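Got a structure here, written out as structure tokens. Questions coming.
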């Protein structure tokens, strides 16, 4: 029984991490309909840069900012010069981002090698504390993740639902031409959105690299988990992504604890089941 | 000029709507609506924008499920039948927003419409060049005024041409009840008399429900008029009578007519 | 005062593949509202969309208020002062009514959300509805409002009364009349002849991608032969 | 187009006389096999409007069936006469296709990518974790192509012709299918599913039929693939091959069956030789750049760019039509 | 016709290693090892030039086979060195059966079955399998360290199965018990639920995880307040992990493990080998990894074999094969490498311990040398064979 609760907590903290890593993806994917297959590699890039900055300066927060900023730049570049002109051509964008992720991943391998990296946490987040009721040690940083996820989620939701930028973005997804005909410079707006999504990815990468670790191949895992989370939850819905993350996080941890052999299979079967009955995801809006 | 005498009470019933209701969240788009369409009847439905007319059509065809009430088509309880079964039972419709196959040619679209109606299950093998289906498709194109556009992709048709194609599809096979959702919208003045002609020339045994904001067409082609307002069936009656009633003047017709 | 030449179209040509959809279009629009009439598929929508920059013109130029906007992007054209009400409405399906209006709300515009709501009370009632959950007529009102809120110098309206109930057509006609009071130019594509004749002072006739004639509304009203020739109709 | 097609087929028939075994086996035959799999994807994408990531899974179902029911060195499975094994393989892949269709029937566009991706990942992890049927991580090896009607398919030339014949059959089937009323209905579902129902055709069976058909085509490729590779494992149905297939389909072009094969040969050439031509440590970067270049430079895929230019001229040759309109309008 | 065709004045050797994805840096080190052997020989053997053609696989058997086919059919190589990982090894062994004109020398792939069952007479392994690499550890853990019960955390595929077999066959025989085994899918990021499921009453944890998986598990175990000692699988304490960046490393200090490759080995031969490696590959690791070590031995065996037969590859490499079967040479760790009747290496294995070097980096040092480890780990071959093929359940001693 104790294990059951611990696993629940594990699922919750993992879900927070998944949510944080999926946020940039929801933003780009949910709002611009760009299937950004380079999301994982952007996370990885942010994490490596964050690592360097933390090693250099010793400030963790600075690492997060640096990871975010560098990815924002890369993202803006990609959208402005490569992806932008194919807006609306989903399949081609998918392919282009796959190509970009192959190139970038190889670049990262070149620059940082194939070793595993962990980013040092600030003193106060290191190590574990004893949980009062369950009487087990628990990692501080994992507990903090829950808080971070909530903050990120609320900010993102406000951005999408409440700001004018949010309205513009949603309109742009529905009918780009019409939005142009209303005087909006859609290209610029999409560059900003992509940069924001990439920045979120970069920052999430630093957090991920601190809580767990990063190495080549992590990018694919990021990408898959983000895809699953966003799709199960419903594209463009922040609440949905949170719900999706929770479902997948819990499934994964319970799977690992109680049925390790087929645990991963279950994760994907959950996704299949959700989508078979709600193709638009749990909280997504139907296409027609 | 009424086509049949709407008052004859011993006529067969083509469509019977009882307590039909549809809610979207808390909003009631169609509200406890009762209506009986007799075989051969030509009914126009008038009503302001958002009155619930298109929603009513969507309920009849099964595009949307009912919230409450029942629908009988040709005496058969059809409230829960899937759309294609209702179509196979003789129901047809046009969509207000042309809903067409942009990547098929006009010919293929009409072929599909013809084949779809004639077979329970679309054929797996290709059709012969001059099959009976091709003839029927040609005939439909002629009715819709699209004979010259047979090999054009539907996506490249102009707005009005798409509306014409909608009508062609709705007349495929051997329809018993046809629902026209604003067929004249987007048609040029030159096309409108043609449409009127077409509506008037439909077989007598066919039942028609017509949503139309072009009053000339609506009044000329119908023998009974229903008025919808805020989802309710406000009143029905002889065309002239209804149009000149004060309430209809106020909520629908306005002063310019 | 409105300039004499608000919109000037000079030898505009548009192709779809190899078909020559618009052929040497010349139009001048001043303070007198103009309407284009023509049968289905003659190129009216193509013209509107080319003016907006959404369809590429092969040759020809467009001036708005003396500025050559031929090379402008759609967004620059909108900013320069064209309000566009497209055929088929093109409402954003995932925005609510109020979000549509907020999207284009401007501080110093003559058109506020309140003003729009007073013109179309139906929109106020449905303010929280998503774009794709509006009736056809409601969408049409919203499309007009959306363009108006940009405070344009000229409105290009592609069949704005399509699908509207007669009472609401009355409202729209009134609104179109008032455009002139606000010194807003108007290029109107209409299939509803009576609306066109009532609103526009000049009528352009389009046939197979050409402007084949220009007459005053008065002339066309009285000349049944002309009606027969260009529109294929008889006014009873 | 048909004359070009004939020319291509003739060239392909006489080509083995001029090339080495390696080119025959590892480049041509492999490309054609991949091309058949890609064809099952381009079919779904072009006509049903869904991007299916499950095609490798469907091919895998056929492949595993062959492995399980043929002699192999894994010590798992039951030996059946090869014709039975092939029939079972195609049956299973068709059924699996129908099953995927039944699950994904409501999903279009991006959503279809995701649900099929989820299905394929579930299958991948299942094969990796299960040892009793799929022999887990390692899979089956030592499978050999059978002796069919007196000739050994192990002979690379024979196998090449068998592959070529299968590809031609697959292409023919796709063309026939798409021009049949069912095929038109499939395209109708892509454009407006609601309208398909409103002309009296139920959409679910149409969607399932399209997926099942694609399963059959993918199954053909799956069978040939096991015979060529002489092995199959969880890696054969993983994310890598799945994405490769998408790359093949897109760079080749989706509009015409031939595109899948052009994409496949392009991909195989890049995959095989880039490491020789460029620095071996950075060859992935080169592959990425080449892919990026093709996708950006040829919007409709390599074949598509060529075809669409042709098609546009043919389809939209409105001059004749316009003359007619003129006649209709002139009073 | 039976004349040896010596006209070719060039020997072509293909090297297959993993140069993409998560294993890329390990694979690159493997290639370095092979290249080192040829560089040391001056790029010539038996008076002929050696041409090396490198192909990449992606850890999948399919890609290894494709790479090998390209090397054989297109590049016409005579010898293939590789591959890196277990399942790839089995795939190439199968491929070798149909390509008798090519000699396959295994790289670092360590699946038991590649040679133990269904071996192929032109597939050689100058090195051990994953079980051999654990020789000595089970006994050491039970007898020297006094661990009576150990839990196992290992990745869920063939190589870790083999490692666990190697550890358990000794450990259980000595009297130790393994009450619980956790097989986690490769690439698992979050082990926290495994961490909390480890029974409280075990004395230590045997961890057979590689790369990032090891790093993640150890970090999370520490954060959860775990304090059981660790016993490492071969790749868990590989230099590539010890060189990884991050705070998890302190957990490994003092962990015993089994490996044929010890980065800080004090032996003379190893020092020479390391010096040669470092001078030839300044961009390489701080010392050769197990992959460089094994690809090097493969390269060396090939060169020695060719030299012995004077480059005679006639008659499907008959002479070369015979010479390889009887080859003996001194390995970089100072032992003598020779093959058993299954063409599998009889090796020297080390029980090691992770320690902190003076500069703060981590290394391995030798606790014990176990010589002459054969594939049945010194047990009676028939009895060993009777254990059956390794799997999640086999062996078992709860």
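First chain written, first letter: the chains are A, B, C, D and E, and each begins at residue 1.
Here, contacts are C-beta pairs under 8 Å (C-beta built on N, C-alpha and C of every residue); 3 or more make two chains touch, one makes a residue touch a chain.
On a predicted model such as this, the values are computed, not experimentally measured, just so you know.
Peer 1: Minimal path length between chain A and chain E through chains that touch?
Peer 2: 1
Peer 1: Shared touching chains for chain C and chain D?
Peer 2: Intersection of chain C and chain D contact lists gives A, B.
Peer 1: Would you identify the chain whose Cα-based centre sits farthest away from the centre of chain D?
Peer 2: With centres defined by C-alpha atoms, farthest from chain D sits C.
Peer 1: Given the two chain pairs B-C and D-E, which is bridged by the higher number of C-beta pairs in contact?
Peer 2: Between the two chain pairs, B-C has more contacting C-beta pairs.
Peer 1: If you take the mean of the Cα atoms for each chain, which one ends up farthest from chain A?
Peer 2: Following the centroid criterion, the farthest chain would be B.
Peer 1: What whole-number Å value describes the gap between the mean CA coordinates of chain A and chain D?
Peer 2: It comes to 32 Å between the two C-alpha centres.
Peer 1: Distance between chain B and chain D based on Cα centroids, please, to the nearest Å.
Peer 2: Going by mean C-alpha positions, chain B sits 42 Å from chain D.
Peer 1: Rounded to the nearest whole Å, what is the centre-to-centre distance of chain A and chain B, using the mean of the C-alpha atoms as each centre?
Peer 2: 48
Peer 1: How big is the gap, in whole Å, between where the Cα atoms of chain B centre and where those of chain E centre?
Peer 2: Measuring from centre to centre gives 75 Å for this pair.
Peer 1: Residues of chain E touching 2+ other chains?
Peer 2: Within chain E, residues 20, 28, 156, 185, 392 contact more than one other chain.
Peer 1: What positions in chain D touch 2 or more of the other chains?
Peer 2: 125, 129, 194, 281, 284, 315-316, 318, 321, 325
Peer 1: Which parts of chain B, given as residue numbers and ranges, touch two or more other chains?
Peer 2: In chain B, residues 156 touch at least two other chains, as defined above.
Peer 1: Would you tell me which residues of chain A are touching chain E in their complex?
Peer 2: Spelled out, the residues of chain A in touch with chain E are 3, 6-7, 10, 13-14, 17, 51, 106, 109, 113-121, 126-128, 130, 136-142, 212-218, 221, 252-254, 256-257, 260-261, 263-264.
Peer 1: Which positions of chain E touch chain A when the two form their complex?
Peer 2: 20-26, 28, 156, 182-185, 187-194, 196-197, 211-212, 214-216, 219-220, 222-226, 240-241, 243-248, 392
Peer 1: Per the contact definition, I'd like the list of chain B residues that touch chain D in the complex.
Peer 2: Going by the criterion above, the answer is residues 61-63, 82-84, 87-88, 93, 95, 99-104, 108-109, 111-113, 115-117, 119, 121-127, 148-149, 151-153, 156, 169, 172-173.
Peer 1: Could you pull out which chain E residues touch chain D in their complex?
Peer 2: 19-20, 28, 53-56, 58-63, 65-66, 69-70, 73-74, 87, 90-91, 94-95, 97-98, 118, 156-158, 185, 391-392
Peer 1: In the complex of these two chains, what residues of chain C are touching chain A?
Peer 2: Answer in residue numbers: 52-54, 73-79, 84, 86, 90, 92-95, 99-100, 102-104, 131, 146-147, 150.
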